[in-house]
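Presented below are the structures under discussion, each in the form of structure tokens.
Consider the two complexes below, in which chain A is the common component and chain B and chain C are the respective partners.
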Partner chain A sequence: MGKPETVRLVSKEGFEFVIDYKAACVSNTIKNMLSSQGNFTETELGEIKFPEISTPILEKVCQYFYYKLRYTHCPDVIPEFKIEPDIALQLLMASNFLDT
Partner chain B sequence: MIPGRGGAGGKKRGGHFKIEPFRHKVDLDPQYAEKTWKVLEDAIHEIHNHNAFGLSFEELYRNAYNMVLHKFGDRLYKGLEDTITAHLVEVSKKIDVAQGLLFLEETNKRWEDHNKSMQMIRDILMYMDRTYVNQHGKTPVHELGLKLWRDTVVRCDTIKPRLSATLLELIQKERSGETIDRALVRCITKMLMDLGTQVYCEDFERPFLEASADFYKVESQEYIASSDCPAYLKKAEQRLNEETARVSHYLDPSTETKITTVVEKELVGTQVKILVDLPNSGLVALMKDDKFDDLERMFCLFRRGGVLQGLSTMRDSMSEYLRETGKHLVLDPERIKDPVEYVQRLLDERDKMDDIIKKSFHNDKTFQHTLNQAFEYFINLNPRSPEFISLFVDDKLRKGLKGVSEEEVEVVLDKVMMLFRYLQEKDVFEKYYKQHLAKRLLPGRSMSDDAERSLLVKLKTECGYQFTSKLEGMFTDMKTSRDHMHDFRQQGIDLGGIDLQVQILTTGSWPTQSAAKCNLPPELEHCCEQFKELPQAAWSLEVTETRELSLHCGRPDPGRSTLWTAGPRTLHTVDSRTPDAPHCGRPDPGRSTLWTAGPRTLHTVDGRTPDAPHCGRPDPGRSTLWTAGPRTLHTVDGTHYV
Partner chain C sequence: MSMYVRVKRQKQIFFLHVEPSETVLEIKQKVQALTEKPADDQRLFLDGLNLDDAKTLAEVKVENDAVLALAYKIDEEAGTWEEIDIHTIDTVDEAKA
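Now for the complex of A and B:
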């Protein structure tokens, strides 16, 4: 199965976030999932379900992916990535899970 | 497990908010771990059965993640270990069933499967790998997989011996000339390497090396009985190349040096002495026949690491051979009769050995050294060697090098110098060389002044200034003599029709010959006087007698003397004539005068009886004669000059 252009991340509530393959691979977990040798469903469909990550968190995570892609190896001044304190904990858990 | 929080966004209260605790933890503890583990276990089984495509990676990953998060990492790890071990036991049973070549194929297939499964499992359990394993110092999943494979399958009691035996069998087949499935062997050895270098070494390499050693031991016995030296060497080389190729094809590179050492040792090392000493085709025979290729092969093989004392055995044998032939050459009575031939033979022998060393032994210094030592040994066995070498040089410089170009002259002289270096009695050489040089220089017999000087320079370089100082003096004297004679002639002094050639020599430089007092005939005296009257300081006339009746004059000035040589029967000047015949010379320009002196008399041309005193008058057509007693020269009328 060739590398797909985009990947779909589905949140607990069923929201789908369509992001680039490259962005998704910022997360090591997702990267492994997609490039794993086994014939897991994820690789087949190009879609990953996260029944334990809620939508706002997942949204923030996707934003982070792009933030990371944009500013990696960039000599410019890097703007701050704003994280609201009340989602901080959940975001932390999610990112631990996703190895991001 | 991420606790759900309703309305997370709405909790914000001016920077101060509450974080709710997790909800589910306490409830699910007892069964949660087991349940989760069950899910994972099933998944692993599916993977092993190549059924993975129904699974959701995310789900499994999440499960593993949760287990670790909730401190069930131990359970997870242990469960993993058990499952895989059980699975591998099954696998090994299946492998065991297979026979012969299938056995290897089955092993290989299962190994590949195992690798793939492990990779998938590792992906799922990535979180555990990252956190739990590091925290608790356990082996990561991948390595765990290798370890379990090694312990259960490869080291399994039934499989282990079969594995190495089958591999060795295949290699043995190939050595006998059959073709085998190299790729398969490659995979297996690679598997062993992946399991760890130690596994590879222990399970495969060691038995391999042992088996190879035995094989080659036997083979070397067979070969040596059936073939001669060059053929054996060729075969050995071939086997070595074969083994190297084998390593590159399907063994680990680290084995290469080990196996080549084994081959070298067994195939070549044990037979070194025998090969070198083989009567008709060993080292000596090869050298005699100038078999450069075979010698080179022998040299290269013996030089290798596994062959102990290969080169030293060769050197010893060569040294012995040289010494024997050299001794024979040097002490052969036939040879001694002809010194020039003798030296020429030595040179030829040396050239030949030099050639061999250059072409076959890659100019190895130790062999050069052996050659030099052998030559040194036997050249000095014959005490007349220095004399012969000097005679050889003498011959060459007189006539042997006529018409030869300058470079070739240099080459010959260099070779002579090489022989000279071997001499221990260099001063003996100097003595003879001085004598021969005097004989060459005085009558002007040397063919090439340049060659003489060139040799002198070489001697000086070799032995230092002291050694050649006298010889150089001789040359300088010759030059000075010429100059003086030239001056003398310029003066146009009347010498009474006698043409006089004088050489002025430094006392001490020339081979000293004690001379008795010799009375010169009046004409000669007259000449001497004239010569002495050269604007030099006063000189005293000192006449010495030699066995050859050489006459010297000495003068106190820079300590130089003039010399007339007299042979046993003749007085020569520059162009001496044959000793026996009574001659006379006519005193016209360009010719020297000659007087023969018998043991007691000087004769004229008409050869009157020895005893009668004669006389001659110095007019054209007649020569003056003087008889010379043992110590006197008489004139014709019998008056003595004592």
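Now for the complex of A and C:
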């Protein structure tokens, strides 16, 4: 079912986030996973499991991918990317892992 | 200006690039490309409101980062549809915001 132009990211609770390949490549870790040589299941199915990232964190990460894509090279005023304080630490750990 | 919406159903969340000038039907066709579920068998909701196929996103006030709930048709003859089923964590987040 995986279309080449999209990537599925699966959270700890099994939620699937279907995002554009281009958006996923905001994360260097994901980009490397998807473009690495060899027959990894990740590369073939376009599905990556993150058993350590919970659903709200992964959703925030995906929102950030799109935010980043939209406002990179954007001449307009860039709005703030809102992060709720209670998820900040987990989000920091996820973004560190994803190299984002 | 390009924007995106989050289309949610059960344990799936689709992030879709959209334009305010696109119609609701065009969004359903994008979902169809990913799920192979015909656009006619889909319903999209914004805050519990069923969106009209012919309307554009600007008309129904769908903004960047909006969450749309997706429901499928269950039975063609009976004309029954799924209940809106999107994960609750997001609802919690919105309540806090």
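Here, the second predicted complex is superposed on the first by the 97 of 100 C-alpha atoms of A that agree within 3 Å, B and C clash if a C-alpha of one lies under 4 Å from a C-alpha of the other, contacts with A are read in each partner's own complex, and residues count from 1 in each chain.
By definition in this document, contacts are C-beta pairs under 8 Å (C-beta built on N, C-alpha and C of every residue); 3 or more make two chains touch, one makes a residue touch a chain.
Computed from a predicted model, the values in this text were never measured in an experiment.
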- request: Evaluate whether chain B and chain C can sit on chain A together after superposition, giving fit or clash.
  value: fit
- prompt: After lining up the shared chain so the two structures overlap, which partner does A:32 touch, if you call chain B first and chain C second: first, second, both or neither?
  reply: first
Task: Using centres of C-alpha atoms, tell me the angle at chain A that chain B and chain C span after the overlay, to the nearest 10°.
output: 130
- prompt: Is A:56 touching the first partner chain B, the second partner chain C, both, or neither of them?
  reply: both
Query: Is A:89 touching the first partner chain B, the second partner chain C, both, or neither of them?
result: first
Task: Determine, under the contact definition given at the top, whether A:97 touches first (chain B), second (chain C), both, or neither.
output: first
Message: Looking only at contacts as defined up top, I'd like to know whether chain B or chain C touches more of chain A.
response: B
Smallest distance from any CA atom of chain C to any CA atom of chain B, in Å, after fitting: 7
Message: Using the superposition on chain A as set up above, list the residues of chain A that contact both chain B and chain C.
response: 56, 84, 86
- request: Going by the contact rule at the top, pick out the chain A residues touching chain C in the complex.
  value: 1, 3, 6, 13-20, 23, 55-56, 59, 62-63, 65-66, 70, 82, 84, 86
Field: Residue ranges of chain B touching chain A (in the complex, touch as defined)
entry: 1-2, 4-5, 8-9, 11-12, 15, 17, 19, 47, 52-58, 61-62, 65, 116, 119-120, 123, 126-127, 130
- request: Mind listing the chain A positions that touch chain B in their complex?
  value: 12, 28-29, 32-33, 36-44, 48-54, 56-57, 84-87, 89-90, 93-94, 97, 99
Field: Residue ranges of chain C in contact with chain A within the complex
entry: 2-4, 6, 11-15, 17, 33-34, 36, 64-65, 87, 89-90, 93, 96-97
